[in-house]
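Structures are listed in the sections that come next.
Okay, so chain A shows up in both of these, paired with chain B first and chain C after.
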Partner chain A sequence: MRDELRPFIAARQNLYNDLKQWKKTSDKKIIGCHPMDIPEEIVHAAGMLPITLMGYDGVIKHATGSLQPTIACNILLENLELCFNGTLDLLDGVIFTDVCDTIPILSDIWLRHSHLALHHLMVMPKHLNSPSSRSRVSEQFFRLKASLEKLNKKKISDRDLKRSIGIYNQNRRLLKRLYNIRRSKPGLLGASDVSAVVTSGMLMWKEDHNRLLGQLLLKLEKSPLPSSYPKVRLIVTGSLCGCCDSALSAIEASGAHVQWDDLYTGSRYFTSLTNEDIDPVEALAQRYINDVPSPARFFDADAWADYISNMVICSGADGVIIIIRKFCEIHADDFPCIQNKLTKDGIPCLMIETERAGISEHNKARIQTFINMLERE
Partner chain B sequence: MAWYMGIDIGSAFSKGIIINDAESTHFQILRSGINYRTTANIIRQELMSQANLLHDDIVDTVATGSGANNVAFSSRKISDIICTARGINSLFPQVRTIIDAAGQSTKLINIDSHGRVTSFVVSEKCAAGSGWFIEVVANVLRTDLNEFSRLSQLSDNPIAFSTSCAVFGESEAISRVAEGIPKEDIAAGVNKTTANKISSLFKKISIEEPCAICGGGGLNAGLVDAIEVELKIKMLMPPQPQSISCLGAAVIARTSGS
Partner chain C sequence: MEIKLPRLKSQIIQRQLFTDYWQELHTAKESGKKVAWVSGMSPSELLSAMDFLIVYPMNHSATCAAAGVATSLCEISEQNGFSQDLCGYQRCDIGSALMGDQTLSPVRPPKPDLMLVTSNQQCHQIFKWFENISRIYDIPLVMIDVPFLDDTATEEDESRALEYVKEQLREFIDFLEGFTKRRFNFDHLQECMGNASAAYDLWYEGLFNAAKNIPSPISTFDLFIHLGPMLYLRSRPEAVDYYQNLKNEVIDRIAKGQGAVPNERYRLFLNGMNWMKIPSLAKLCASYNACMVTGIYPLLFTLKGGDISRPVEAMAKSAINSLLNRGLQTRINAVANLVRDFSIDGIIAPTIRGCKPISSFQLETMREVEKLTGIPNLEFETCMVDTRYHSDAQVEVRIQAFMELLENRAIK
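Right after this comes the complex of A and B.
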């Protein structure tokens, strides 16, 4: 299985050097998408490569002078560092959505220090169930489309956009198949392997990702159920915008199987499909409005809590681990509601808060104890 | 006779215990050092010699503690919170709340009559208010922990520490020494601050009596006194407070092996 996974893992390992090399021989533009919820299909339809900016694990030297580390989560600091140290000079543009209060500040700082041809901030409605919200989302997506057309000096046709939507929908269907295999054959794939597959798709052409994913799925579907696998099955949710391998690995090392997840770099990315039969921008807006509940888009914590509770019941998981990134206020604010709902429904849950250094020994102790408590149930 | 081993590789100290069905025990404790694998092997060897046993006489070994992964000869690893609960339950079945005052963290644990964890809290991400904080200040006072504990019980006027952070606490202790504050008052101040920090964790978990204390902090009588005053309850104290987690690991090995 390692051979089939290698291209997915490699896509993340040497990303910016590989992109730099690729740019030397390609006239295609690369657009950085700051998490979360950017309609990549529009970028793809413009013939540009959308890549999600997922930070990095190097030293932060410059960003802390501009964005206070006491109020900003690590992904914001890391992406700003990549901007300041010149790594992201290879981009032709960058797109932000105002997911949290800090992102518009980040966008402003970025604009002062970077000279990319495109700098686009989308200001999204915060109440998605109001009558005007859909038209507001469409308006934002049309604005983005116009910005990309101006950058490329070329119109994006409905046909091109529908084609891109089809390719992205195909990717989502394939990822869902991957998750179904993970659920039905525990132990076959590690959670960090699954994470590598999902996140690599945010960094490469979707056509290439679909091809590689198709090959991997064929192999996985033929593979037998492993003879031994962890007894405890968990759902992981939380505010992990970037790679979250260390958190997922710590859970598995403590003896549990991650049955499903509710992560931006996981099932939130692929669960909802875009309608291919209506106006493509309207369809993308419809997907944004009707997508799975997430505190990044939606202020209804009860809906999110119901969604997680239902996910546990449907997947047959034994409990939930909620991972909150330090200073991710949009997730932290909603956590009490989630905890109350899960407790009321008799679902064990554990919340841990992580920082840039990864999973601390204290958090490993919490995870191990939680899993040992579930093992005896 | 069947023997069972529990090994607890902690951040400061590593402990090992072997027990049999007749409640006979042998205990070993060492500084963990920086090579946990070697430390675990030494503890095992010491226990074997002490009890005059061969490796094959051990039916099962359970490892616990932050370095449990380094115990290559164990059959499995179990959380130290689970093990502490079982260890205390084997000595004091009536206990419902445990304070584990360890080197790098403090844990509060609620347990049921079978020694099963019903809820738990671990102190935040650093060693603030843990054994390390006390050890750092003891170092500033040029005392060992036994002397530190004795000194703190002599004080009538514990000084207030503004922090339980081991790093800032060291600076503060140096300042108090420079001001001429007696050692006794500094030691008592540290124990009082640590007791405050531990009691603040009880906002997240209930105190259900009877309550027991274990971990290295249990050896610091001044700290135990301060906790009892702070929480207004009497604590039960096992004879070897540092052995509880590995005792629990051995009890788990014995329960599943019998």
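Right after this comes the complex of A and C.
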């Protein structure tokens, strides 16, 4: 299986060098999308490559002089460092959404230090409870479309946008098939492998990702059920704005199988489809409004808690591991509500905080203990 | 020997005003009045127009900090799953709500009938805080969403934002009519807005701008202390009387050449805030003949009035024009202008743990302000209410070193 997974894993490893090489021979524009909730389909329909900016693991030297490091999460600091150290000069533009308190500020700091042709902040409604807030979603999506059209000096036709929506929907269906295989054939795919597959799709043309995914799925569907597999099955949720590979590896090393997930680089990316039969911008707005509950919006915490609880019940998992990025205030604020709901429903749960260096030995020990406890039950 | 700073006598009047107001709050049920908890930059005049009594949870946390119980209340929140990295105000207030009647709070705010949060502070944690409180008390929460106007915002973005906020204010008025089962009282709204606008003008001219005088008749400490009526009582005529009286008192100090700090030699700017430490910080600075004459924070939590004949438009404009709702460059320019206008020698810039909208960009702002004005700054970490994140000894050493720097600059 390693051979089939190689292109997905490689997509992340040398991303910026590969993009630099690609730029030499292509006249296509590359747009950096700051997590989360950017309608990539609009970028794709403009003929540009949307790539999600999910930080990097190099040294942070400059960003900490502008963005307070003792209150900003690692993804924001790492992305700002990529901006400051020139790595992101290859981009033609960057798009932000105001999903947390720091991103609007980060966007303005970025603007002062970078001179990309496009700098766009999507200011989304903080809640979706009223007609006026819901109509603001499509207004913001139209505003993004207009910015991209201005950059390209060319209109994005409804036909092109519908085509992109179709390609993205196809990608989501394929990813769902991948998740179904993981659930039905535990042990066949590691959680980090699945994360690599999903994440790579945020970094390459969706058409290429669909092709690679199709090949992988054929192989996986033919593969037999592994003879032995872990007894404990878990749901992993959270890790907003980036990956949590070290936590996933620790979970598997402790002898549990990730049955399904509610991760940003996981099912949150593909669960909702876009309606292909209505006005395309309106359809994308509808997808945003009806998407899985998000801590970036308000009045969603109870719905999110219910969503996770239902996921556990439907997948037959034994418990939940909640992964919160250090200094991610939107997630930390919803955590007590989720914890209360899961406890009320009798679902064991463990919260793990991840930092730049991954997860600590202390947290690895907590994961091990949690899984041992579930094994005994 | 501890330095005694001269207090404005209006503080005594304020104490009486608040004693009466809290009495009114605690007897709200008996008098048939409803209580609303609101965020700092909310259009509370809409609620006052319908005879709601207002409580500001942020102010409640500050009061708990001043009484020395905030850290214990924060710990209650943490025991219930709230991260230590979250805003201290939030952890303190939620801790108090979770304790119910057993709260350690010295003022014990009455349970709200309604909560109103407005997003022009661009602080997600306030929304989540209010959401959590509304969940604890099981009462309705209304949110007025004010879109952030960043440094790329165009006139069209601003006009769309204005229309969006106006629409929500109208939706809120409809909600209030349903909630109270009464027609909305627009006449009373205009009275409330008139009082709020007059109180703001008196506060701004009589107190805030008075600090431009050398020596400054007031310190940041006074600015903070005298924000209370602006928050709670601004819709009432008592607020206008209060700020008129305060203005007269300050004019008297100016006429006598009396400074808030005796022998004022250095003038400091406070870029940030720390409720629990403001009095000791002011005294510490005064021991070096330095007066913290002003700061950005009081401007962030006061709303300028507008044309009261078009109340919804005026409130929406006021909401989107709040400094916290504007991009980084606007804020940098605002600080640089204040530093110049108030003849500032140095900036004290506390980074407040958990307060992202004010502290995330402190480093960038201070660097740019120093470039624009040549005025040095001192940064240190603290928390608004939680004593576990503040070290008196470290702050004292850093202020001492900073004052030596200012002295060396003065000699040169």
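Throughout what follows, the second predicted complex is superposed on the first by the 373 of 377 C-alpha atoms of A that agree within 3 Å, B and C clash if a C-alpha of one lies under 4 Å from a C-alpha of the other, contacts with A are read in each partner's own complex, and residues count from 1 in each chain.
The definition used in the following text is that a contact is a pair of C-beta atoms (placed from the backbone, for glycine too) under 8 Å apart; a residue touches a chain by one contact, two chains touch by 3 or more.
Computed from a prediction, not measured in an experiment: that's the story for all the values here.
Residue contacts after overlaying the shared chain place A:A72 against chain C, while chain B stays out of touching range.
Of the two partner chains placed around the shared chain by superposition, neither chain B nor chain C is touched by A:Q13. Judged by the number of chain A residues each one touches, C leads among chain B and chain C.
In the superposed model, A:S360 lies in contact with chain B only, and not with chain C.
After overlaying the two complexes on the shared chain, residue contacts for A:S184 are found with neither chain B nor chain C.
In the superposition on chain A, A:D333 contacts chain C only, with no contact to chain B.
Once the two complexes are overlaid on the shared chain, A:T369 sits against chain B while remaining clear of chain C. Common to the chain B and chain C contact sets on chain A are residues 353. Across the complex, chain A meets chain B through its residues 253, 353, 355, 360-366, 368-369, 371-373, 376. Taken in their complex, chain B has these residues touching chain A: 11, 66, 69, 77-82, 104-105, 107, 116-117, 120, 122-125. Of all the residues in chain C, the ones that touch chain A in their complex are 80-83, 85-87, 90, 119, 122-125, 127-129, 131-132, 135, 141, 143, 145, 147-148, 150-152, 157, 160-161, 164, 167-168, 171, 327-329, 351, 353-357, 359-364, 367, 381.
Across the complex, chain C is touched by residues 64-68, 70-72, 98, 100-102, 104-109, 111-112, 119-121, 123, 125-127, 129-130, 132-133, 136, 139, 143, 298-299, 301-302, 324, 326-327, 329-330, 332-337, 339-340, 353 of chain A.
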